[in-house]
Amino acid sequence: MSYQRINRQHNQLRPVEIERNYTKYAEGSVLISTGDTKVICTASVEDSVPYFLRGQNQGWLTAEYSMLPRATQSRSIRAAAKGKIGGRTKEIQRLIGRSLRAVVDLDKLGERTIWVDCDVIQADGGTRTASITGAFVALMDSINYLLETEEIKESPVEEFIAATSIGIVNDKALLDLKYQEDSQAQVDLNLVMTESGRIIEVQGTAEETPYTRKQLNRMLDLGERGIAELIKIQKEALGD
Amino acid sequence: MSYQRINRQHNQLRPVEIERNYTKYAEGSVLISTGDTKVICTASVEDSVPYFLRGQNQGWLTAEYSMLPRATQSRSIRAAAKGKIGGRTKEIQRLIGRSLRAVVDLDKLGERTIWVDCDVIQADGGTRTASITGAFVALMDSINYLLETEEIKESPVEEFIAATSIGIVNDKALLDLKYQEDSQAQVDLNLVMTESGRIIEVQGTAEETPYTRKQLNRMLDLGERGIAELIKIQKEALGD
Amino acid sequence: MSYQRINRQHNQLRPVEIERNYTKYAEGSVLISTGDTKVICTASVEDSVPYFLRGQNQGWLTAEYSMLPRATQSRSIRAAAKGKIGGRTKEIQRLIGRSLRAVVDLDKLGERTIWVDCDVIQADGGTRTASITGAFVALMDSINYLLETEEIKESPVEEFIAATSIGIVNDKALLDLKYQEDSQAQVDLNLVMTESGRIIEVQGTAEETPYTRKQLNRMLDLGERGIAELIKIQKEALGD
Amino acid sequence: MSYQRINRQHNQLRPVEIERNYTKYAEGSVLISTGDTKVICTASVEDSVPYFLRGQNQGWLTAEYSMLPRATQSRSIRAAAKGKIGGRTKEIQRLIGRSLRAVVDLDKLGERTIWVDCDVIQADGGTRTASITGAFVALMDSINYLLETEEIKESPVEEFIAATSIGIVNDKALLDLKYQEDSQAQVDLNLVMTESGRIIEVQGTAEETPYTRKQLNRMLDLGERGIAELIKIQKEALGD
Amino acid sequence: MSYQRINRQHNQLRPVEIERNYTKYAEGSVLISTGDTKVICTASVEDSVPYFLRGQNQGWLTAEYSMLPRATQSRSIRAAAKGKIGGRTKEIQRLIGRSLRAVVDLDKLGERTIWVDCDVIQADGGTRTASITGAFVALMDSINYLLETEEIKESPVEEFIAATSIGIVNDKALLDLKYQEDSQAQVDLNLVMTESGRIIEVQGTAEETPYTRKQLNRMLDLGERGIAELIKIQKEALGD
Amino acid sequence: MSYQRINRQHNQLRPVEIERNYTKYAEGSVLISTGDTKVICTASVEDSVPYFLRGQNQGWLTAEYSMLPRATQSRSIRAAAKGKIGGRTKEIQRLIGRSLRAVVDLDKLGERTIWVDCDVIQADGGTRTASITGAFVALMDSINYLLETEEIKESPVEEFIAATSIGIVNDKALLDLKYQEDSQAQVDLNLVMTESGRIIEVQGTAEETPYTRKQLNRMLDLGERGIAELIKIQKEALGD
């Protein structure tokens, strides 16, 4: 029953690719692949804000997340066909939005909304963290668009962010779980962090076996390392 | 006000590409591009049939269609967020399902369902006809999977089909409208046809100006020609 | 298994009756019967337009369609009880609205909406085409009301329209299918046409067997003939 | 401001007509008119019972109520378009079902359901009481159908019932309010009663001014009289 | 099978307790217990009115009613989980709102809304009547708040009201039914009355056996007596 | 702008009270108060499991969470009235269920479901953690009920758990935030832990300012201390 990673170290990410300008209409449009997980992330600029923010001279950023029905091993029913969005999906879209807003100065955005859409084409674990990492790049492209068209003067983005997952499988901490690993993990932790190493969100859930503070620290160490690498890849993609 | 096609004849299709095995889980998975219109078409096999067909020793095929929110020039609201599927979407998914079923002998499929999913990544006119053309290839792959795994003995597909759109713009019939043409067309006609030149579905709608029988015939001529070409491309993609 | 029409020629309509002023509140209110199919069609004038048209000095026309639960042989569940409108119903209400709008100059209507409601009391095939034919008369009555009350100066209706269905049963084209015929038709075609013989909408669906261009033309010939007769009956009902 | 009935006594019903076999498919189908209020009432027999009654060897009767959108002076939005049934509609359909069940011995019905549908074609006050009075006749026809086809041996209906409304307008009790009266009534009372003069349901609501026990009794006297007359009309319609 | 009340007369209420200021935020907040039935009733003041009343210089009062899932013997599914409010709940919330509005002069309330919320913590029969009786006290507290903060000058409440249920069990009329009695009652009557003995609402439903006018009067006598007592308890709670 | 706690140390909980047997029907029923936050937690035993677990000889535990509309400073709209459950509510009920399941051996529960309902009567911060702490006691009571009625032989609960919140306000870590503190916190962390000091769930969200690993550790220290105290209070309430 003991699981052993092959061809990848416990502290190693899967191969990551970020393809910009993936579709032609969105102000930012990215296809991110982390291993076999593939997500289309777009950032769309709209020249208005939700009702509760009108006239306050500040912007808004919100995120939506979805999977194609056959992104997974067995086909799942579309949320639209069920007529409602499931709890897991709502959790994820709130997480993505919260994470990106944490590094965006909404006052500098002006009265506009950035809609971030993360659509999973193929799912092999870590779709929510790949969504955040890819969406940040799409966000940057949409901000660059606003700067180039001189709709804003100054970038509202304060720092790079990225996200990854860490888990404990067979009592061993592993970075960036693929689906097969995730499904047998005792603990599943998602970490969203900035370039300066500060935490935006940590969510660590014991699937069956509660975990110790020491294990938590081990997982955070792995996560920090992975996020540093992801931010390097984001910067390369953006040509920084 | 007069529109003139540049770099393409009135009777010419846009460039078509069909990429098979686009995602890894579905029994059939195709990315079809016709010009800038891009659709992911998957065919998923499920070993059961809807309630109303149980015990009748026959299969079923059904289709769903959706657009990513930013597949279009301005972002549209997700059906899931609205909690209901719009009329246009329902029309299209019924059309796709009906068209494919017309060439599938459901008795030969056994008690299984093929779910066809068409998800538009980028929309530049003709998404419903591109969906049918691409979905047919995904369907063929799923049937080949069933033949290879020996779950069925004989293909239930009777004939190749493809679909295209034809319109009248400035009183001139044009094959395979892109969005800019579609938005100024007087008439919009969708045609689904078999390899043997028989009609599965014709839907011709006067957007503003009713059209004559003669114009209808002109459009059908163009459509026949385009569909013959599309079926050639499908066959090449399938390695026939 | 061969079907033979009795007491009616293949190119003959069922008896059609149009009763105006069927209910007392609507600006236009018609009960149309085509054979045993009976539909109440009302046209209601509202002094405002939908949000997307405000301030553009033009009107709107929209249609809704429904069946009483026991309009059919076995009782069907109300859309309201299911909490959503089915795909077939949406298709039909879009068709009715599109067809009527094709002959209404919305600029001449002013900033008002005409709501067309088609409620099927008894269904024996051809409910959507009977709805269009009846709704046109209700529309005319509502326009006459607006002319008489001097709310508009000039009729925005450009031409008479009517609709009928044609099918292929046992390889023979038949005009105006009743339910028993419709349920065994190989092809089902709905045609909406103007008095001047131009097409507003043609929808021809192969239920099982694709059809040839020649068969399509045969059906259109029958349809043209039927629609000419229906328009004669509309005119008589309106006292023209 | 004082209202005076013209051409009708305070204790007089509006003209009532009951037309049986109004549509051809339902086991019972009635068009009832009370003045300008017109309701189509059908009773449909289904050979099964709801889940909670299965295997208990008893039947069920349930009712649904709806108005055509333009049954009223200004068009109302369809429940199906809103995606939910309003509180008033739910109250009314529960009242109709409860009233009819009170005189049906469900044990004698066997494991079948009678669906009663009341669809208001034109509304001029008293639609819920007209629905009950008309639905009872449709119910009787559906029971007669079951007796004639020998599906049941003995009628489960124990007694005739009918319903009417009574109100207080200008401090005067009036029987069978039309809409104009209803809209200015201080009190609105609906009464459902059996032929033997026993009460199935009384619902008396003070719209603004609470009412005395004496006024309640006055209204019940009028109601008793009206119901006796309605039952006479039901019996004539049924040919008793 | 004959039921006999123990420790309580047929014309006696269960013990009633009214605890004011039960929660800290609402302008009026009451926990009412009648026997084992316990309801939290709050009255919340909002400084606006619904759309249909804007600019008419009058107020509004509306009520909502709900049960905790395990307020009853077996757990019931939350309305929120089902996505719709049941017919019984809608009936009850309409009754509560209508009853309270009957003694409130909405003109004197100004352009504000009072939201009355009745949440049943524990249900042992008579939850709707306990809700009305308790909500009236919460309403009085919210009115007193408006008078003390000088938002209104004069109380819009015209008279005290309370409500109770009466039933016929084993042919004997009983006041204030607990659940065990209610479940075997032949008739169930809810009465809402003012301090001056005038009726706001009477709803008497034969569960199986229709009832006579004489029985109706017997129940109203019991109800009048109970309501007088309830109003005495309300006044004590309010320190009048 | 600097906030200073008065009458409470930064590492001190608010007063906690746990009242068992709060309502009479549920197998476990608890009212928990932490300061002014009050939640009714019930545990209801049902003798079946959801569809996906049938026949696997194991149990299930699921949780629902809701707030009374006026549990908060301004009234919120009921989820039932909106027809859907909000994202925050879904997140919370998933958290409660997951936390409790982490210490329940579902195999030992047999084929039954425990429904945990947490209904917030009054909200002053920390409603989700109070829900978990209270729900655990209700769960224990329901398990004791199953042991006493001999439906199970052995308790499936493996360890005590409790939950609390910690935040950073003015750069200072505070235990058990009340609403006023929570609304100005830079970071909000929820911690669910077992008696043995192991973590079930940690969720730390930067509201605006990302936080350091050191701050995370400081918050976890406070949380550990608070949870130890809460478990002591749970044990006293349970009479251990």
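Here the chain labels run A, B, C, D, E and F in written order, and each chain numbers its own residues starting at 1.
Convention: a contact is a pair of C-beta atoms (placed from the backbone, for glycine too) under 8 Å apart; a residue touches a chain by one contact, two chains touch by 3 or more.
In UniProt terms, the chains line up like this: A, B, C, D, E, F = Ribonuclease PH.
Predicted model, so just to flag it, every value in this text is computed and none were measured.
Engineer: Under the document's definition of touching, what chains do chain A (Ribonuclease PH) and chain E (Ribonuclease PH) have as common neighbours?
Structural biologist: F
Engineer: What is the graph distance from chain A (Ribonuclease PH) to chain D (Ribonuclease PH), where chains are linked when they touch?
Structural biologist: Counted as steps through touching chains, the separation is 3.
Engineer: Roughly how many whole angstrom separate the Cα centroids of chain C (Ribonuclease PH) and chain E (Ribonuclease PH)?
Structural biologist: Going by mean C-alpha positions, chain C (Ribonuclease PH) sits 51 Å from chain E (Ribonuclease PH).
Engineer: Just give me the whole-number Å value for how far the CA centre of chain A (Ribonuclease PH) lies from that of chain B (Ribonuclease PH).
Structural biologist: So the centroids are 33 Å from each other.
Engineer: What positions in chain C (Ribonuclease PH) touch 2 or more of the other chains?
Structural biologist: Residues 83-84.
Engineer: Help me check something: in the complex, which residues belonging to chain D (Ribonuclease PH) touch chain C (Ribonuclease PH)?
Structural biologist: For chain D (Ribonuclease PH) paired with chain C (Ribonuclease PH), touching residues are 23-26, 29, 36, 38, 40, 42, 44, 46, 64, 66, 68-73, 75, 78-81, 83-85, 115, 117, 119, 121-122.
Engineer: With touch defined as at the start, can you tell me which chain B (Ribonuclease PH) residues reach chain C (Ribonuclease PH) in the complex?
Structural biologist: Chain B (Ribonuclease PH) reaches chain C (Ribonuclease PH) through residues 84, 87-88, 90-91, 93-94, 98, 102-103, 159, 193-194, 196-208, 210-213, 216, 220.
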